[in-house]
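Following this line, the structures themselves.
You will see chain A twice below: alongside chain B first, and alongside chain C after that.
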Partner chain A sequence: MQPLLSAECLSKNYGHGDIFRDVSFTVDAGETIGLFGMSGSGKSTLGRCLIGLERLSDGRVLFEGAEVSKLSERRLRELRPAMQMLFQHPEMSMDPRMRLCDSVAEPLAYHEGRERSDVFSDLLPLIAAVGLRPDQFSCYPNQLSGGEIQRAMMVKIYSLSPKLIIADEPTSMLDMSVQAQILGLMKNLQKKNNTACVFISHDPQVMLAMCDRIGVLGEKTFRVMNAGEFAGYAADLSV
Partner chain B sequence: MNILEVSELNVAFPTRRGLVRASQNVNFSVKEGEICVLIGETGSGKSVIGQAVLHLLPQNARVSGSVRYAGEEILLISEQKFSRLRGHEISLIPQNPTGSLDPLMRCGQQVAEVLDVCGVPKEEHSSRTTSILSALSFSDPELVAASYPHELSGGMRQRLTTGIALAASPRLLVADEPTKGLDYAARKRTIEMFLNLKRRGTDSVLMITHDLELAEMIADQAGVLYSGELVEFGPAADVFSSPLHPYTKGLMAALPKNGMTPMPGMCPGLAQLPDGCYFHDRCPTPCEENHVHPLMHEVCGRQVRCSRC
Partner chain C sequence: MSETGTVARIKIWQSNVRGADWYYRLRQRPGLQIVFVLLAVVLIAAVFAPVISPQDPAAQDLYGKNQWMSADHWFGTDYLGRDLFSRVVCGLQTSMAIAVTTIVITFVIGTAIGSYAGYKGGWVDNVIARVIDVFLAFPSIILALALVTLLGSGILNMIFMLSIVQWASFARLMRGQVLAEKNAEYVLSARAAGLPGWWILLKHLMPNCIMPVVVLATMDLGHTILTISTLSFLGLGLPPSIPEWGSMINAGLDSMRTAPLNVIVPGLAITTVTLLFNLAGEGVRDITDPGTDAEGSL
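The block that comes next holds the complex of A and B.
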């Protein structure tokens, strides 16, 4: 079976040296692969390259067998809903001047050519699934907590039924108990929709709780480990 | 001897939505040479307690209660009197090291500034700065002293602010979220640094954090805050190994290493607190009658705010 996403010999440099080099891995449908590394190891840049927000210096990314960088603008637009990204700072991912109901309905309204108000009623089951109330969506982002905005962000992303989600430290700015709620929710939605996930984090315990395999970005090296191997590696890191 | 005694501390802020009661009837004490950690989530009022101790609350804060430092009342004393304590006897490791350092001053000068205020002769500044920095496990303290803050990593800046706080050899250190925003390696070094302080046994620390693992590793006493109130306070080893309050139990179960079991619901807003138990709606074993607000009482050598315990 063809993997959903294949990364082949990816490298990225900004002219003053490599950020990462020779990164290769595959992700199957429904699978979660972790990207682990310290600050500055290039894990967020790698995530952005996978989804096409940044250009690679070398290597290629295949999504369902098609090379992403060689797709036409039209084909890429068709593909966009299938690949989504969840960012670290939920409060910066929403337009501060838009009510949440407009923000969360915007992607589906755009891709399906419908009115935002029509789309919002279709999102009600998803809103209930993430544990928010529809009335909270008449607020602006600054009126809600970080955990609530990250949930709203999940409504926005899952409304497109993506096949792949790149989650860039989605809970690193949240409290422990809210982190457990959000990650639990991600797992449930992922299982229900058979969504694949590239999960970026610097917390080894979160990695072990979320991921089937973990890619470790070291200094210009990249190695994919299974959960057991990573547990041993993480134990060496701990105090 | 208690270096810090906080009793019946109340801090509230008048807002358009009503009175936000950020801290309510908080009682605890820190013994000399002990690390006391206050754990709480965003909005639980933990930073407000640190700010009240350091007289750093905004002007519109309504404060009552008592804070005694080495037996002397300090909560409502004049700013002039308190400035003799702040930085000399009581120091702060601020929450945001990047925003707390002067970007235009070399790191060494920022440590020496404190030494200057403390009356250390100028010729000793350089050697004292180097010894403070090397005690914080900087491998090349001279290089760090000659650098600007932007040349250091997040973890190094965190250690530098700790160095500045320790420069005057304070008797009490208030550390506000010392591991927030740090990656795994930087967090590990910060934890090691606090473990070293603990081994020295001379520093009294009041630490405010939501990093439960950090708290578990370094605390002697631990207090858990929920919606502005302490719900559990006692010896850290007991609080973490056998939590009594259902909120503390929920927090421990939410840790990734304990299976990441989420607690249902959210904290109530501090402007619309219910009359009875604040945790009632989220509690797995709620009381049938919830008219009376539970008080702190002693159970197994610690204080717990739950009528079921």
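The block that comes next holds the complex of A and C.
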């Protein structure tokens, strides 16, 4: 069976040296793969490259067999809803001058050519599923907490029925209890929708809780480990 | 803070109208309120200048020239016996009409070019940025003088020339704003959602980048009025038949010692209006930026 996403020999440099090099892995439908690495190891950049938000220096990414970097702008835009991204700073990931209801309904309203209010009423079950109240969506992002915005973000992302989500340290800015809630929620939604996920984090505990396999970005090396192997590796790290 | 003040603050905080934020900050600044009221008076006076001016600004009375202030002539009369108050009010209309038109044109052109360059990046941005640099490298008044000599005087030429001189500063500011904002996560999120570039630019980047440009526009209104007066003072602005502050000062220079009002009245008018626009510009910045404190601002 063809994997949902396959990364082949990816590398990226900014002119003053490699950010990462020779990164290869595949993601199957519904699977969660982790990307682990220290600060500055290029995890976030790799995440952005995977869905074509940033250009690769070398290598290619195949999404359902189509090479992402070779697609025309138009074709890429059509493909984009299937690959979504959850960001590190919840307070920055929603337009500060838009009410959440507008932000959340915007992509679907655009793609289907419908009114936002109309789309928003379709999203009510999803809003209930992430544990928010519809009236909270009349707020601006600065009026809600990080955890609440991250939930709202999940509504926005899942409204597009993605096949793959790149989660770029989605919980690193949240406190422990909220972190657990958000991770639980992500797992549930993923299972229900059979969504694949590339989970980026520098926290081994979170990795082990979320991922089936884990790719470790070291200095100029990349290795994919299974959960057991990674547990050993993480234990060595903490000593 | 008084209890009612606290209650009012909480109420505003709870309301979901974003405008409440700036309304609250405006209410904290009585000085700024006065500036806005005065500015409103100036704008109304500019629009209704022919109605407000008690006499025909061009009517001469050689027997009553260079008079001091009186009930008949509030600001006195000039060296040809024309009513200075009427001339100042009509001059306001001329200056405001030119300044506002210029600012609207430069605002639209500058933000459009600047935001396109900033968002597009790459060689397009490089080319536009260098063009902006070239325009900013000219001293604006020299460039204006050169253009006036080339084109001749007149209101339309004046607007055209001022627009050429000023669009670049708007474009540069907008470009910088968009550059700073375009990699923000909400913009990436919009791109990831498959929204097209023009949509992201218009619906997300513009609203988040425009405020500093609005502040610049407000301040530049005063600046433009000053430039118009400077050019007219040098005899390069508008034909003498149109009442204008700079040319009024120029014409009054000869009789400055015997009839100082000829120079003082239009001079004070220029100072006041420029000052009001500068204060209003700073005020707009203060009330739209949640980071500023009422302390130390108007």
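Assume the second predicted complex is superposed on the first by the 238 of 239 C-alpha atoms of A that agree within 3 Å, B and C clash if a C-alpha of one lies under 4 Å from a C-alpha of the other, contacts with A are read in each partner's own complex, and residues count from 1 in each chain.
Definition applied: a residue touches a chain if its C-beta (ideal position, glycine included) is under 8 Å from a C-beta of that chain, and two chains touch if they have at least 3 such contacts.
Source: prediction; values computed, not measured.
By the touch criterion defined above, A:66 reaches neither chain B nor chain C.
Of the two partner chains placed by superposition, only chain B is touched by A:183; chain C is not.
In the superposed model, A:124 lies in contact with neither chain B nor chain C. In the superposition on chain A, contact of A:92 is made with chain C only, not with chain B.
With both complexes placed on chain A, chain A has more residues touched by C than by the other of chain B and chain C.
Legend: residue contacts after superposition of the two complexes on their common chain; A:206 is shown touching chain B, with no touch to chain C. Residue ranges on chain B touching chain A, taken from their complex, read 41-43, 153-154, 183-186, 188, 191-192, 195, 210, 212, 217, 250-251, 253-257, 259-263, 266. Residues 48, 51, 53, 77-81, 83-85, 87-89, 92-99, 103, 106-107, 110-111, 138-140, 143, 153, 156, 160 of chain A touch chain C in their complex. Note for the complex: chain A touches chain B at residues 38-40, 145-148, 175-181, 183-184, 202-206, 208-209, 237-239.
For chain C in complex with chain A, the residues that touch the partner chain are 16, 18, 184-186, 188-196, 199, 203-204, 207-208.
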